[in-house]
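Data block below; observations after.
We call the chains A, B, C, D, E, F and G, going by the order they appear; numbering starts again at 1 in every chain.
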């Protein structure tokens, strides 16, 4: 999925930014739901990614010798 | 409804402005009723928005657990 | 009634003006009766407006509770 | 009565003017009587006006209480 | 009476003038009697005027009290 | 009487004139007697006029008191 | 003629005897192991050399032997004490008997090796490598790289068969948090002479796929504690230091850091420790996510609560403010009502007072004027009396004065004072010249007349 393409760093930064805005009261209540949704999504992406193994463990490249 | 189109922020600002005017005595008595009505209406809009947001947020956050 | 068409503000301003004239002695005694009558009339209009406003506002605010 | 047609203000002004003339000795003895009469008459007009105004105003203000 | 037609002021002026002439010796003794008579007459006119004024004014002022 | 026709004033003037001439010695001894006679006559006229005036004036002034 | 000669064996025997005489006791010798092999019986055969300090040319060479019984003991002591393997390339201080065998020739029979010498030499070598790295300015390069918070893609450089590798994979894959890792093994020989070259070659392969990895892990699959020399080489250190992604080492030694450890981004004692480190790193990130989530939930709840409170406050404000407003306006109206009462009363009172004042003034002025006029009349009357009296008095005075003058000028009066009048021919004589001698004169005096005749004329009084 496209949403999987986001890096941990970008995800955490976005969460941080949104959190900052919410904490500062910069967000309208109207936007709150959308933001909660987004943050939740980002958290989920990160969590899922953490558990995911891209390829089989110990795929060995034996080009040597 | 059209009255729902106002943002939460704008609603709160309008409430604040009207409250300020009432406090300063800047409003004519003739206008008072209309303004109190408006504030009440805006407060209701805000409350509804907040409740909606609250339930949505609760739902989202619940799902995450 | 036509006399109800004056705004509260305008009424208060007229009261103020007439009172000022009475206080300054700017009014002819001949005009005094008419002016006192006018002020009294204006005061009554104002009072009625205020009472009406009060009851309306009370009603609006009650409904909201 | 025709003499009632003079305004309080005009009456007071005329009284003032005549008294001024009397004070300056500008009046002939022959005219004096007429002028004293006039002043007295004007003073009476004023008194009546005042009493009338007073009672009217009292009445108006009483009604309002 | 014709002699009443002279004003108080004119009478006083004539008295003054005649007495002045007598004092200056400008009058013939032959005319003196006539002049004394005239002055006396004028003084009487004045007196009468004053008395008349007094009684009239007194009456007016009494009435006013 | 013809001698009465002269005015007091003219009489006094004539007396003065004659007495002046006598004093200056302008008169002949012959004329002197005549002139003395004339002066005496004039003086009498004057005296009579004075007395008459005096009594008349007294009478007038008395009456006025 | 045949020169005097001896047999080779006699010569060798003589050499042996001479050597035994020359080197009766064992000597301590410094040499470098050039070659070394152990035969089936466990005897160790070495070739010792000495290189020129200046050009590394071999300046001396000897064979040496450590008998198997001795070798087992010496080797384990040496390796455990020095932390380095007894192998070609190291310098050693050996205690050796110089022996000469008629068949095998000269050989050194090693009875002891002093590990402290080798240790000193190794330490010196290590210092030299460090100095070179520092000089090149690359010592810190790998350490300065940033290891991602979530290192999931791992390139492992290890020997596939090593136990340490198994431990590493086991720990990583079976982590109790279910974190996923993607591990790619780049096999390398991690011990022995060819290790350094092999590891460098593996690193080069990782380098080709640099972007696919978050970190490179260099682990040694167990083996001898002493077999660490390959990790102290300059060449490997340079490669690790300049490696573009963080290198983690888990070489599995306890005593001291190898140079590879020193230049690595992070060095850990064992492969397992490296795996734990990676798992911990992910755990930490996972914790960060949890904290963010918690903070987020809290913040959102707080915001909503706060807004609820604010709205309630505003609802209360509107009540309060409108009540205040109405009260204020009511009060203002009341003030106006009072004001109109007061002001009107004041105005009427002022007007009333004014009228009373004017009335009083009228009376006062009139009386004043009237009194004044009366006084004027009286004084005129007095003036009349006075004037007339004065006028009459001056008339009388005038008459009296004229009478007095007249009296004085009357001829009878003059005659009585001694004057007389002289007539001649009925005419008053005023000059002597009018007379002639003999004229009859009649002289009149106050009490009668005298008749006389002129006798003489005298003109003495003529001027």
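Here is the rule we use: a residue touches a chain if its C-beta (ideal position, glycine included) is under 8 Å from a C-beta of that chain, and two chains touch if they have at least 3 such contacts.
This structure is a prediction, so every number in the text was calculated from the model and none was measured.
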{"item": "Rotation angle superposing chain D onto its copy chain E by C-alpha atoms, nearest 5 degrees", "value": "10"}
{"item": "Contact-richer chain pair (by C-beta pairs counted) among B-C and F-G", "value": "F-G"}
{"item": "Copies chain B and chain A - interface residue numbers shared by over half, same or different", "value": "different"}
{"item": "Chain centre separation (chain A, chain F; CA means) in Å", "value": "154"}
{"item": "Separation of mean Cα positions, chain D and chain A [Å, integer]", "value": "97"}
{"item": "Averaged-CA centre spacing for the pair chain G and chain A, given as whole angstrom", "value": "34"}
{"item": "Interface hub residues of chain D, defined as touching at least two other chains", "value": "8, 29, 32, 36, 40, 43, 46, 50, 53, 57, 61, 64"}
{"item": "Interface hub residues of chain G, defined as touching at least two other chains", "value": "293, 300, 304, 307, 315, 318, 322, 329, 337, 340, 344, 348, 351, 359, 362, 366, 373, 381, 384, 388, 392, 395"}
{"item": "Residues of chain B defined as touching chain G within the complex", "value": "12, 15-16, 19, 22-23, 25, 27, 29, 32, 36, 39-40, 43, 46-47, 50, 53-54, 57, 61, 64"}
{"item": "Residue ranges of chain G touching chain E (in the complex, touch as defined)", "value": "359, 362-363, 366, 370, 373-374, 376-377, 380-381, 383-384, 387-388, 390-392, 394-395"}
{"item": "Complex contacts: residues of chain D adjacent to chain E", "value": "28-30, 32-33, 36-37, 40, 43-44"}
{"item": "Residue ranges of chain D in contact with chain C within the complex", "value": "7-9, 46, 49-50, 52-53, 56-57, 60-61, 63-64"}
{"item": "For the chain G and chain D complex, residues of the former touching the latter", "value": "337, 340-341, 344, 348, 351-352, 354-355, 358-359, 361-362, 365-366, 369, 373"}
